[in-house]
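Following are the structures in question.
In the two complexes below, chain A is the common chain; its partner is chain B in one and chain C in the other.
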Partner chain A sequence: MSLVVQTLADGLVLGGIYALAAVGFSLIFGVLHVINLSHGILVLIGAYLALVTSQALGVDPLLTIPAVMAVLFGAGYAYQRLLIQRAVDRSPLGSMLLTFGVALMLQNIMIWVFSPDMKSITPSYAFASFSVAGITFDAVRVSALAASLVLLLCLALLLKFSPLGRVIRATAQQTLAAQLCGVNVKHVYALTFAVSAAFAGAAGIVIGVILPFSPADEALWTMNAFVVVVLGGVGSPAGALLGGLLLGIVNTLTAQYVGPSFPNVTMFLLLVLLLLVRPNGLLGNAFSASR
Partner chain B sequence: MKRSPALVPLLIVAAALVLALGPFVLPPFYVRVGQLMVYSAGLAVAWAILGGFAGYASFGHAAFIGVGAFAAGLVENQFSALAPGLLLALGLAVGGGACAVLSAAVAYPILRLRGTFFSIAMLGVCHVCAEVNNNVDFFQGSMGINFPPLAPASMDPADFFFWLYLAAGTIVMLIAWLIWRSRFGAGLLSIREDEDTARMLGVPTERYKRLAFVISAVLTGLLGVIYAHALGYITTDSVYRDDTNLNLIVFSLLGGMGTLFGPVIGAFLLVFITQVILGRLLDFHLFATGLLLVLLVLGAPGGVLGVVRGWRVRRRAATAPAE
Partner chain C sequence: MRRRDVLRGVAAATAVFPAPAVRSAYAQTAKPLVIGGSVPLTGAAAETGLNVNNGYITAASYLNDVLGGVEIAGEKYRIELKLFDDASDPARATTLIQRQLDDGTNFFLGSFGSNIVLPTAAITERAKKPMVQTGGGADAIFTRGFKYVFGMFPRATRQFAPAAALFKSLKPAPQTYSVIYTNDAFSKTAGEGVRLACDAAGLKRIETYELPAKVTDVSSVLASVRSKTPDILVCVMHDQDSLLIARQMVATNTNVKLLFQGLGPQLASFREALGKYSEGLCCSTYWDEAVPYKDKFFGDAKKFAQYYRTKFTRPIAYHVAGAAACIETYVMAMQAAKSIKPEAVRDALAKADFETMYARIKFTPDGDGDALLLGGMIGQVQKGKLETIFPGEARTAEPVYPTPTWDKKA
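Up next, the complex of A and B:
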């Protein structure tokens, strides 16, 4: 019994982090209708930046989050304005392949700079753990989960209450109508991209704290984001959270009860089945474009 | 410009015969590059029957290479006493059959998805096949399968497989041409242009899409069987390759998406660029492919053939007012 509860608890912790890693992907898809296959790379850039800065300055990796987010915000804005904007209005396959090309190039650059080996960020409290009612929690994982929940909440508030959030939501609902009301759509697209790049970077730091990472992982994080978004629905932090938690639980349950090499199988089966049965996601807004 | 209908297949066969002289004149390294070129061209055309003609760009066709290769290998090892020629025929039949069954089973649900969703779902199918193949002991994916040598003792295996690929590629090309000029092919093109309108006008879109999917999958599987024999020993990782999944799209994009000869041109060009020009710079391959992809999407979405067509149109526009 306690094994089941422990597995579920591990799944929830992992799921919170999946949610943070996917929320930017979801936002870009919801607003720009671009499938950003370089999302995983943005996540990894965050992880490597945190690795470098926390080693150089000797600070806790989670404290580098604001700085890394600022850097990726700028990079994301430029990336969208310079490259993606040129492909946004073409076929969806075109923009998808464009981001894939960028992902390949950046992955290659990462291999040159950081070597293809596994790296990990080890904070001072790496091996501490505590237990509540017989269930063990690692201090690292819990702090990572807390960080990702706080960030998700911030994003939700930003989208709901700030002027920027209102403009982003308006553009997502009706691009043309937003444009008629005086919204500079290109600017909003770029800001949306910048926000989601920043959150991808933050997710990278959180991931780097709990898991080892290497340049080849980018595809995994992109696919994870895709599955989370298909599960939860597009464009909202709540959908990403639901999808992330579900994916986390499914992954740990299969690893525990079917076999450690099977989470990928169940993840992709889940992806294919959900696309077929419920393309709107469980919370059911967008993705109607899949039919 | 009007062409007689027999010209295209004659051109294909003539080009294949010229290429068949390759091993007599080329040094061994270029025969190997040629092998890869012809194999890639065959795959690119098989992919394009669905991806180019009907506009359903699959991101998971390596699934059929893998399923074909493993099905053939598992059966061939039960009948290893047969003569090599019979064994290859058996392997091709089993591999093609397995791909036909798999693709027919997957086709109905997955072809309901459109655009990028179809692409990603196919990637999912490919990964599920690969993981199952790798983790279920019966399929021997992680341990690997040996294939009996096929080439006659008097012949260099590299030359032998070059000709085998060439024959297979020519057949795939002729099949693609037959489809291209048939009513079925016109139906596929109409699906690419506007599926809903095509359906409204009475094109049996569902049936056509499924048929194109199965044909494409079987041809890919047959090439996969030959590929497995050329390698001699395969594991899951050597046939279910994500770079194959990607390259199949890049071939068509580079040559000209949705054309008959575009995929062949794209495959020849890309293999030549990566193997010969960048052959020494292995660290650079990912970057070069990525850069090419970016430049193609931004600069020449119609590929090589699109650029050529653009020149022609512009030249005609330039000469027209003078008349």
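Up next, the complex of A and C:
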């Protein structure tokens, strides 16, 4: 019994991190209809920025989240306005190819700057653990999960209650109507991309704290985000959370009871099943209501 | 400084060197001897790929710039490396190798990673051009009847024999082991090698765990290790996954008497990331600056390492020495064959018995390294430093067994 509970607890912790890593991808897909294949590289940029900043300032890596988010917010805004919007204006597939190309270029730039060697962020509590009712928790993973949940909640509140969130939702639901009401749609798209990039960066910090990373990992995080979005649904933090948790639990349960080499098999089986049965994901498209 | 290393490596690998000005001086006295190949300077295998690349460059540069070229059958030659970045992608590597074959390249160096070496070796084999490599150990490379492919390591299933011999010699004698490996060409066959060697050494296998090629969480595996605890846990996978396992073992207080990680503890960055928890970890290592071999070109391993440091700031690793030895082996085979014809060089490589700063080079009839001469040594982290604990003649410290539990290391 305790093994089942331990496995579920491990799955929830892992799933929370998957959810944060995917929420930015989900938002861009939901609002801009762009499949951002450079999402994984934005995640890694967050991890590298946290590594450099926390080492330079001697602070806990999780404390660098606001600064890293701010940098990626600015970079994300410029990236969307200067590159992605131009590609979107020309062809629907152009943005996908563009983000793929940017991911390749940024990966090579990261290799130049940081070397291809693996890096890891090691906070003071990196090796701490605690037990609750016989279930062992890895302190660093739990703190990463807590940070993920807080950030997802912040994004949900931002989308639900803030003026920016209202404008983003309005633009996603009825682009033309929003435009007629005076919304600068291109600016909103760029802001959405900026918010998503900021959250990708925050996810990178959380991931960097629990996993060693190198520039070659970017495809993994883009692919995980894609699966989470298909499972949970597009455009909302709740969908990302549900998809992430589901993915995490499926991963650990499969590893425990089927075999450690099978999580990818069940993950993609689930993906195919859901695409057949419920192609919009479990929670559907958050912005589809009035489309 | 690392950025500079990478830039220097990329520039040197993609260029034909020596530089044009120097080349004009050589041109009057030395003929070019082109050796082609690909190395992963980007992508998943880039970390070790860079070490392999730097080893190739170090040897070629020394032979050309310091020794003024090499003499083969009375003619002076300078080594011209034509190495290209394969981005850790087997498809790209095969295209690059095929293009070089079409351009008339006769000799090849290997990439890093069995998944790349195997398909590229198949192409050079078909063309009957030799490949000497230090990056592919999977059995499949050496069991398909290839005659032109030579490796600086024993095949993967034979690489664990020294570790099993060490386990047998430990006091108190360990009784049980479990093995974890990832689902990739090298790790899978290496995992099979662990099973063969440990079973033959009389150890009882508790469990075998196969992980996906890319790992993000091992909590369920570690829960199983805690419930069925072996004396020795062997992990054969790439260093990034080894680090993840070690970190999660510490955090979940998963203890075994000895943790053996095939790749990882050799790297200073790995030991730094684990800090005091790296104490007692064991790993395979194939070379150290202190090895006693004499070298016809560099003198010995220490002088090789000194020269390497004049060119690169990246820490030296055994793949650097192995890669440099590939070029030395080529040159010595050509000198023995008194020819630079691929068939003659291939025959000389098959008969090779050369002492280099890396090891005594001798291949099996299948082309992999002799298990005794090119087999690994075993290192253990002691006081933050990697000490050699096996074999006895190379020992720099006594093995620590059982190792302290994680909480005692804290």
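We take it that the second predicted complex is superposed on the first by the 281 of 291 C-alpha atoms of A that agree within 3 Å, B and C clash if a C-alpha of one lies under 4 Å from a C-alpha of the other, contacts with A are read in each partner's own complex, and residues count from 1 in each chain.
Here, a residue touches a chain if its C-beta (ideal position, glycine included) is under 8 Å from a C-beta of that chain, and two chains touch if they have at least 3 such contacts.
Predicted model only: the values in this text are computed from it and were never measured.
When both complexes are overlaid on chain A, the residue A:S120 reaches chain C alone and has no touch with chain B.
In the superposition on chain A, A:S261 makes contact with both chain B and chain C.
In the superposed model, A:T252 makes contact with chain C only, not with chain B. By the touch criterion defined above, A:Q173 lies against neither chain B nor chain C after alignment on the C-alpha atoms of chain A. In the superposed model, A:N108 lies in contact with both chain B and chain C. After overlaying the two complexes on the shared chain, residue contacts for A:S162 are found with neither chain B nor chain C.
Touch criterion not met for A:N184: it reaches neither chain B nor chain C. Judged by the touch definition given at the top, the superposed model places A:T136 against chain C, while chain B stays out of reach.
In the three-chain superposition model, chain A touches both chain B and chain C at residues 107-108, 111-112, 259, 261, 264. Only residues 3, 6-7, 10, 14, 107-108, 111-120, 122, 126-129, 136, 138-141, 211-216, 220, 251-252, 255-256, 259-261, 263-264 of chain A touch chain C when the two sit together in their complex.
The residues of chain C lying in touch with chain A in their complex are 2-3, 5-7, 41-44, 46-47, 49-50, 88, 180, 183, 209-212, 214, 216-221, 223-224, 227, 239-240, 243-244, 247-248, 250-253, 269, 273, 275, 277, 314, 406, 410. Within the complex formed with chain B, the residues of chain A that make contact are 35, 83, 86-87, 90, 92-98, 100-109, 111-112, 219, 223, 226, 259, 261-262, 264-265, 268-269, 271-272, 275-276, 279, 287, 289-291.
By the touch rule above, chain B contacts chain A in their complex via residues 57, 109-110, 112-117, 119-121, 123-125, 127-128, 131-132, 134-135, 242, 246, 249, 253, 283-287, 289-294, 296-298, 301.
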